[in-house]
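One chain, chain A, links the two complexes that follow: it is found with chain B in the first and with chain C in the second.
Take a look at the complex of A and B:
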């Protein structure tokens, strides 16, 4: 289903989605991030890309698994807690790279068994994508990892900027419902609209972006150069923070802790929180020994997870080329440069 | 004017003469409009050094990291920790604020003076660029490179345009408020000492926040702490955050061979892993208090924050207290007693009730 939406009518579409919780990128504190739309007239899609990816909607930084309590002399009681089934969410302005992160994370949280916490949220989230006619960042490289600035993968709806209007294409059943809910806010797409969108796509795919050399041989070359000294050299300036990982749309490692909220009587929660392979305690053994004890080894882990292990396990790269880890790295460590250097000795 | 060739020549000479094992300086990164810190170990690599308004990093951090690395390696191999081996000396390129960090580390005996070599560079009439201010100024264009241009910056965009901006319009707040743009400790000096620059009053930023009521302040900080994702970049980038075990880490105790399972299980968790309001406040306030009288206002904590939390303000308040109440200027002299471990008989104490 393809419709056309005048830019001025975005507000009416948002109003028509009153049975959903609508989120869109908002510019606050000098950064773009997704935020629930409070006033429909504030919804605008003039963002670059958000600093935090839409990953949080399905995989929040903190998830409560269960609650526990124990009265003195009695057995401990455990209460299961599942994500509250609030209204379904519609997230506007998802960039196609972030859209492609969805199916990758879905694989992780369903390959061996369905992670109920993830899926209870994920099933309630519809992603309305906004195609990139020009790369939102100079560090974009979606085309280098098999994506496209107009990719539909993982999205429910894709919007393409046509100037004064958007071409709105429903891609899933949920997407069709969302577009239908817009009613008269959206008009029928003409052949000319579709042609303009097709041209925008062709132009966008030709736009220069960061390039990974011969990506097909990257996994085998990373394997071959596992013990290369280059890892350590490329990580020399690394400060060991968690920015690259916490802002990544596909990083999904987590930790589970019991957090006590009251001592007598004992009460607390078992929580899942994001974890980070760049932190020393990620691999710290209870003996105090740490097998991955250098910055180079941690950089290698992050890069190899995305370009080697994930390929081995799931037959696709676990990087969608959003460029956040490059743009936000405090010291300019650049995953594209690292891959090219280690795999091909280029750069 | 800072002559970049002088810095390159000196770095080259230090390496050729074997006076240092490495020079940590700035090179161009591939990430765009940001210098990258680089350990230069061969003289010919010194030609890649740059000096521009994106040389934001406080390289004193690497003096600390290298010290930790050497200590770890020495213990790992059973050898005595280094110090006499000249090749282990490290040189850094340092701005005014960075040199004050060096002084604080020297005061705290983190390393001996002889182990380091400071290539002090003056920020003269300008300072470092703030990416958010620059982005606003460029109105949608993206910066690829920023260079000094008198009292302004020359910005080259990703689409190839050249935009000239007045430095004071896009400079980091900490640089506008800077009281010591010239290095205070150095082995070599580059650029001119420019003192009173008159760009902004010292502590200007905290005064605007400090005016509100306590409720207003809680609202302000509550908003920001709630946004924290606990990536710990502010801690990781700070040369003063050098503790081997940090109160926020899940492992913050020394585990030895005879540490029992029970001791491990019952370790005190001061701050939980959850990025919730209470834990985030705990983290940021603990960090701020640990930096009282030690923070040199290099502003790196705020610069690196991916969600732009004004972290610097917390430390500035304490810096202001040190100055205003005790007349203490952080990091001015390596022989200066450290703020929290010294007192004078006439120190004011009427705030103790």
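Take a look at the complex of A and C:
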């Protein structure tokens, strides 16, 4: 289903989606981030890309697994806290790279064991994508990892900027419902609209972006150069802040901790929070032994997870080329440069 | 709650035995499930134990799958959760979720000679196989157990090992000489070299500190064992136990799901980062 939406009518579409919680990028504190739309007239799609990816709609930074209470000498009482009441959400302005992160995260949170917390949220999130006619960041490289600035993968709806209007393409059943809900706010797409969108796509795919050299040979070369000293050299400046993984749309590592709110009688919560392979204690055993005890080993883990291990396990890269980890790294560690160096330039 | 993989079942501690005292104390706990809950396990699998308010810790199940009444865990006191477990007594309730991971292919080993090589706390993960082999003694040929601790006070399962002697050849060792110690003095890999077990129709299963495993494998290779005849079980820090939280991987494998049990033929193919 393809429709056309006059830019001025975005407000009416948002109003028509009143049975959903609508989110869209908002510029606050000097950065773009997804925010719940309070006033439909504020909804706009003139962002570059958000600093934080939309992964936390399904995988929030903090998820309470259960609450527990225990009186001394008695068995613990555990109450499950599922996000069953999470409101259905429509997220506008998802860039195609972030759209492609969705299916990758879905794989991680299903596989042999379904993660009920993730899926309860995920099933209620509809992603309305906005194609990139020009790369929103100087560090974009979606085309290097099999994506496209107009990729539909993982999105429910894709919008393409046509100038004064958007071409709106429903991609899933949920997407069709959302487009239909818009009613008269959206009109029928003409052949000319579709032609303009196709041209925008062709132009966007030709736009210069960061490049990974000979990507098909990257996994085998990373494996071959696993013991290279270059890892350590390229990680030398790393301060271990972990921003690269926190802002990554596909990084899914997490921690589980008990937070005690009352000591006697014991009360508290078991909580999942995002965690980070760049922290030394991420892998440190209680004994003090640490399998990844150097900066180089931890950088290697981040890169190999995305460009080697995930490929071995799921036959696709676990990187969608959004470039956030490059743009936001305080010391300028650049995953594209690291991959190119280790895969192709190690003697 | 049945499809929530993160919520533990409840188990009651029915027996506590102090194996080793001191800074590296080891205690053995027997846990029976309450509320009609429970699960079966295979040799080599692990369970995530929980002390609410402290957290969770992945511990290998140290009893044979043939024993249905309880699950046994032998735990060294090293961190926050294991310290809390050491403070628990008979009757206390502990959270248990699992079983996690793959298992030793014990069925395939029937009719073979089994050689067990353990060090320190590393006897616990291979104990279920020893116990199973003894309970099904006729199904297996010779059973040999090498086990060593730093000193005689660090020997776990001391009574059980003595009881084993009718069914198995037992070779104990301690790192350095002590008065009254009549068995081998020296490291476990050296004891293995000293007794030189035959690789013929044999499977060697080893678990212990990483450095011990490394030299045991080296010595077994020297004695003519093939990579496919050597098995070990490895541990890493774990949080989820189900291949999602991202920290226990060795290369492409999450040890919690693809491991912890590996033949050397498989383990040597992974990056040696564990």
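Definition applied: the second predicted complex is superposed on the first by the 344 of 347 C-alpha atoms of A that agree within 3 Å, B and C clash if a C-alpha of one lies under 4 Å from a C-alpha of the other, contacts with A are read in each partner's own complex, and residues count from 1 in each chain.
By definition in this document, a contact is a pair of C-beta atoms (placed from the backbone, for glycine too) under 8 Å apart; a residue touches a chain by one contact, two chains touch by 3 or more.
As the structure is a prediction and not an experimental result, all values here were calculated from the model.
**Student:** One more residue to check, A:309. First (chain B), second (chain C), both or neither?
**Tutor:** second
**Student:** Examine A:61 and indicate which partner it touches, taking first as chain B and second as chain C; both and neither are also allowed.
**Tutor:** A:61 contacts chain B only, not chain C.
**Student:** For A:257, decide between first (touching chain B), second (touching chain C), both and neither.
**Tutor:** Touch status of A:257: both partners.
**Student:** According to the stated criteria, A:242 is in contact with first (chain B), second (chain C), both, or neither; which is it?
**Tutor:** first
**Student:** Between chain B (first) and chain C (second), which, if any, makes contact with A:139: first, second, both or neither?
**Tutor:** So A:139 only meets chain B here.
**Student:** Just chain B (first), just chain C (second), both, or neither: which does A:126 touch?
**Tutor:** neither
**Student:** Answer with first, second, both or neither: which of chain B and chain C does A:52 touch in the superposed model?
**Tutor:** After superposition on chain A, A:52 lies in contact with chain B alone.
**Student:** Kindly classify A:212 by the partners it touches after superposition: chain B alone (first), chain C alone (second), both, or neither?
**Tutor:** It touches nothing on chain B or chain C.
**Student:** With both complexes overlaid on chain A, does A:114 touch chain B (first), chain C (second), both or neither?
**Tutor:** Once the two structures are laid over each other on A, A:114 reaches chain C alone.
**Student:** Jot down the residues of chain A that show up as touching in both complexes, chain B in one and chain C in the other.
**Tutor:** Shared contact residues on chain A: 255, 257, 284, 286-287.
**Student:** What does chain C use to touch chain A in their complex?
**Tutor:** By the definition above, chain C touches chain A via 1, 3-8, 10, 12, 34, 52-56, 78-79, 82, 93, 95, 210, 235-237, 239-240, 242-252, 257, 271, 273-274.
**Student:** Where on chain B does chain A make contact in their complex?
**Tutor:** Interface residues on chain B, with respect to chain A: 29-32, 34-39, 57, 61-62, 72, 132, 135-136, 142, 144, 158, 224, 227, 229-233, 235-237, 249-251, 254-257, 259, 261, 264, 272-276, 300, 303-304, 306-309.
**Student:** Taking the touch rule as given, give the residues of chain A at its contact with chain C in the complex, in rising order.
**Tutor:** 65-66, 68, 70, 75-76, 78, 80, 82, 108-109, 111-117, 226, 252-258, 260, 266, 268, 270, 272, 275, 277, 282-287, 289, 291-292, 297, 301, 304-305, 308-309, 312-313
**Student:** Quick check: in the complex, which residue numbers of chain A touch chain B?
**Tutor:** Answer in residue numbers: 29-31, 33, 51-52, 61-62, 137-139, 236-237, 239-243, 245-247, 255, 257, 259, 271, 273, 276, 279-281, 284, 286-288, 293, 326-334, 336-337, 347.
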